[in-house]
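What follows is chain A paired twice: with chain B in the first complex and chain C in the second.
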Partner chain A sequence: MKFRAVREGLLLVALACLPAVGEGVYFRDKISWQSPIPASELVTVDQARSWGDGAIWVDARPDEEFAREHVPGAVSLNEDHWNELLPQFLPNWSPGKKVVVYCSAESCNAARDVAKRLRDEAQLTDVFVLQGGWEEWLKKKK
Partner chain B sequence: MKTSILTLTLSIFLCVAARAELKWEQNVIDLHPALGDKTAVAHFKYQNTGTTPVHFKSVRASCGCTTTQSQKEVVNPGEKGEIVATFNIGDRTGQQMKTVSVQTDDPNPSQANIVLTLKATIPQALEVKPAVLYWQSGEEPKPKKISVKASKDFPGKNITVKSNSLNFESKVEPGSGSGEWTIEVMPKDTTHPMGSALVVQSDYPKEGPKSFSVTVQITNPPGAPAAPVAIPSASPAGGVKH
Partner chain C sequence: MFGVRCSAFSAAMKIVWRIVDLILGGIFVYAGVIKALDPVQFANDIDNYKMLSWFVTVRLALYLPWLEIFCGLALVFRFLYRGGLSILTALLAVFIGATVAAKLRGLDLTCGCFGHASKNWNFSTHLVLDLLILLAALVLFSRVWRTEKS
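After this line comes the complex of A and B, so read on.
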């Protein structure tokens, strides 16, 4: 009787694990291998827009994508040409200004990397990553 | 009844026997490019150890900085090949991780979607921190410091600092260890918003030495209209040479 209960319990656990395994396999290439960005370092499109002139928008995408289209007033700052672009970005910054960094979409890491370098190397505070990136900004624009 | 059992057994046997399988030598490759390298290249080698051909449906890199090259579209049983992932380093430094998602027509989902990972540790010639120094308008013009640290493989022995403004004085002093320096910067006047670019230049390589730009500025007072402070270009190239 006891054995049967254990066996049924194990069977239920195995059944419960099946969807998780399936999801793991299906979304295998979408798993982020980096730790998630803390919520305090993220900002939504609406929040960032509400900051108005108090925020500088930074486009972390490659040059070609920035040239095609970007958030109005955004400054290009990517890691391909960091050493050249950083000195061009810094004069736009002043203490108290918030910095909103974005890349293509939720899954891209460029915005997070640029934001980290701005905090570490330029020692800027109030640097945020735009949730959903450029794709989300486009959606909200409509 | 016997026939159906036989058919079922045969079907199962055929399904198992007629399998496609790409075996990857490594799913994760660690690369250590040398100082000054422009790219880091990973070769992900595979072999079809199954009995049916495998077709590549897509090979996609996680970022625009990585390009991929697949030698073939179909891999026949027993055939070997590789996917070459070229990571363009640009001005990136430190630990970098890029992925390549490979999708094949393998009926086994765990084999059909493979993620290949390229990890690169990129050395930084000179670490200059912070990249911006500022004083608020009206603030006492006290000196502020920038630290410069050369990587252990960097052969440069000295650095120099050039400013394009007479309002900022700078002085280089050796730091606590070898390959370390401190730059002390002091504005003469903090009454008006203004900016300058300091160019920190090493003595290596002799032709086209490495240089980094540091922005120094007197910012608008808090609450003042947010106008960018004009900073003249530090060099004809617009800042940094490589």
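After this line comes the complex of A and C, so read on.
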């Protein structure tokens, strides 16, 4: 049983490599291979600030953190209350405006997820993730 | 008389085990297909666990769904059955461990195991479902083990 299971398992492990490689080739341009967020979708604090009124700031952190403090003029839009908050956010957007999404820090994923949903579900273009998130914004504010 | 009853019972149990095979295999084929269709989303879901580098994560996101599909098919068609069952049991154990560890570290995450269908499941729902699947896999495993011995 033991050796047969190992032999069969190894065969399955090897077999699964074939379509995985094929899929990797197929998705090679859609996958960000080096970092979770492609460089073209990231924006620095200085760059985002330079856009002035041409950008809408979106806070993807939980409600309590947004209530405590946020980037001036930012709109709260997190995944916990996506269905309620999205309709409140959309009137702020107009074609040509850039959207800058941020969460707590470099390591958080909320901004990336919200940015993806804005692109996929709300069909918005020019959606960027703030590099370093709220932490970086605080540093630059000083 | 007793012999007839006994063989009827064992035939019925064979059907039950076959149904368990099909359900378990079907679950993994479905879960694998959903993830293979959107590897970017699955990579993000793995990344939420904060356990692996992005380099490893993105490659796992391309590979794991296919491993699940192949192992699921192995259970459905009873071809390379033992290997498929062993891998699925190991995958489940690793996944449950990773989910519990993430919860203990205070991470609030979606597993993405079944695409959008599982997006809003809470931790308890995930855990109960995973443990049930693991239990089914272990029962099948012990059955194969006993059949081999006898």
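Everything below uses one rule, namely that the second predicted complex is superposed on the first by the 107 of 142 C-alpha atoms of A that agree within 3 Å, B and C clash if a C-alpha of one lies under 4 Å from a C-alpha of the other, contacts with A are read in each partner's own complex, and residues count from 1 in each chain.
Here is the rule we go by: a contact is a pair of C-beta atoms (placed from the backbone, for glycine too) under 8 Å apart; a residue touches a chain by one contact, two chains touch by 3 or more.
Keep in mind that this is a model prediction, so the values were computed, not measured.
Student: Does chain A have more residues touched by chain B or by chain C?
Tutor: Answer, by number of touched residues of chain A: B.
Student: A:69 contacts which: chain B (first), chain C (second), both, neither?
Tutor: In the superposed model, A:69 contacts neither chain B nor chain C.
Student: Just chain B (first), just chain C (second), both, or neither: which does A:10 touch?
Tutor: It touches chain C, and chain B stays clear.
Student: Of the partners chain B and chain C, which touch A:81 in the superposed model: first, second, both, neither?
Tutor: first
Student: Name the contact category of A:109: first (chain B only), second (chain C only), both, or neither.
Tutor: both
Student: Touch check for A:53: first (chain B), second (chain C), both, or neither?
Tutor: Touch partner of A:53: chain B, not chain C.
Student: Looking at A:91, would you say it contacts chain B, chain C, both, or neither? Reply first, second, both or neither.
Tutor: Touch partner of A:91: chain B, not chain C.
Student: Could you tell me if A:121 is touching chain B, chain C, both of them or neither one (first, second, both, neither)?
Tutor: Touch status of A:121: first partner only.
Student: Touching chain B in one complex and chain C in the other: list those residues of chain A.
Tutor: Of chain A, residues 31, 33-34, 107, 109, 113 contact chain B in one complex and chain C in the other.
Student: Spell out the part of chain C that touches chain A in their complex, as residue ranges.
Tutor: These residues of chain C touch chain A: 36, 39-41, 43-44, 47-48, 50, 54-55, 57-59, 62-63, 66-67, 69-71, 74, 80-87, 144-145, 148.
Student: Any idea which chain A residues touch chain B in the complex?
Tutor: 25-26, 28-29, 31, 33-34, 53-54, 61-62, 65, 78-84, 86-88, 90-97, 107-110, 113, 120-124
Student: Using the touch rule from the top, collect the residues of chain B that touch chain A in their complex.
Tutor: 62-65, 88, 90-92, 97, 99, 101, 103, 109-110, 113-115, 117, 128-132, 134, 136, 195, 197, 212-213, 215, 217, 219-220, 222, 226, 228-231, 234, 237-240, 242
Student: Show which residues of chain A lie in contact with chain C when the two form their complex.
Tutor: 1, 4-13, 15-17, 19-20, 23-24, 27, 30-36, 107, 109, 112-113, 116
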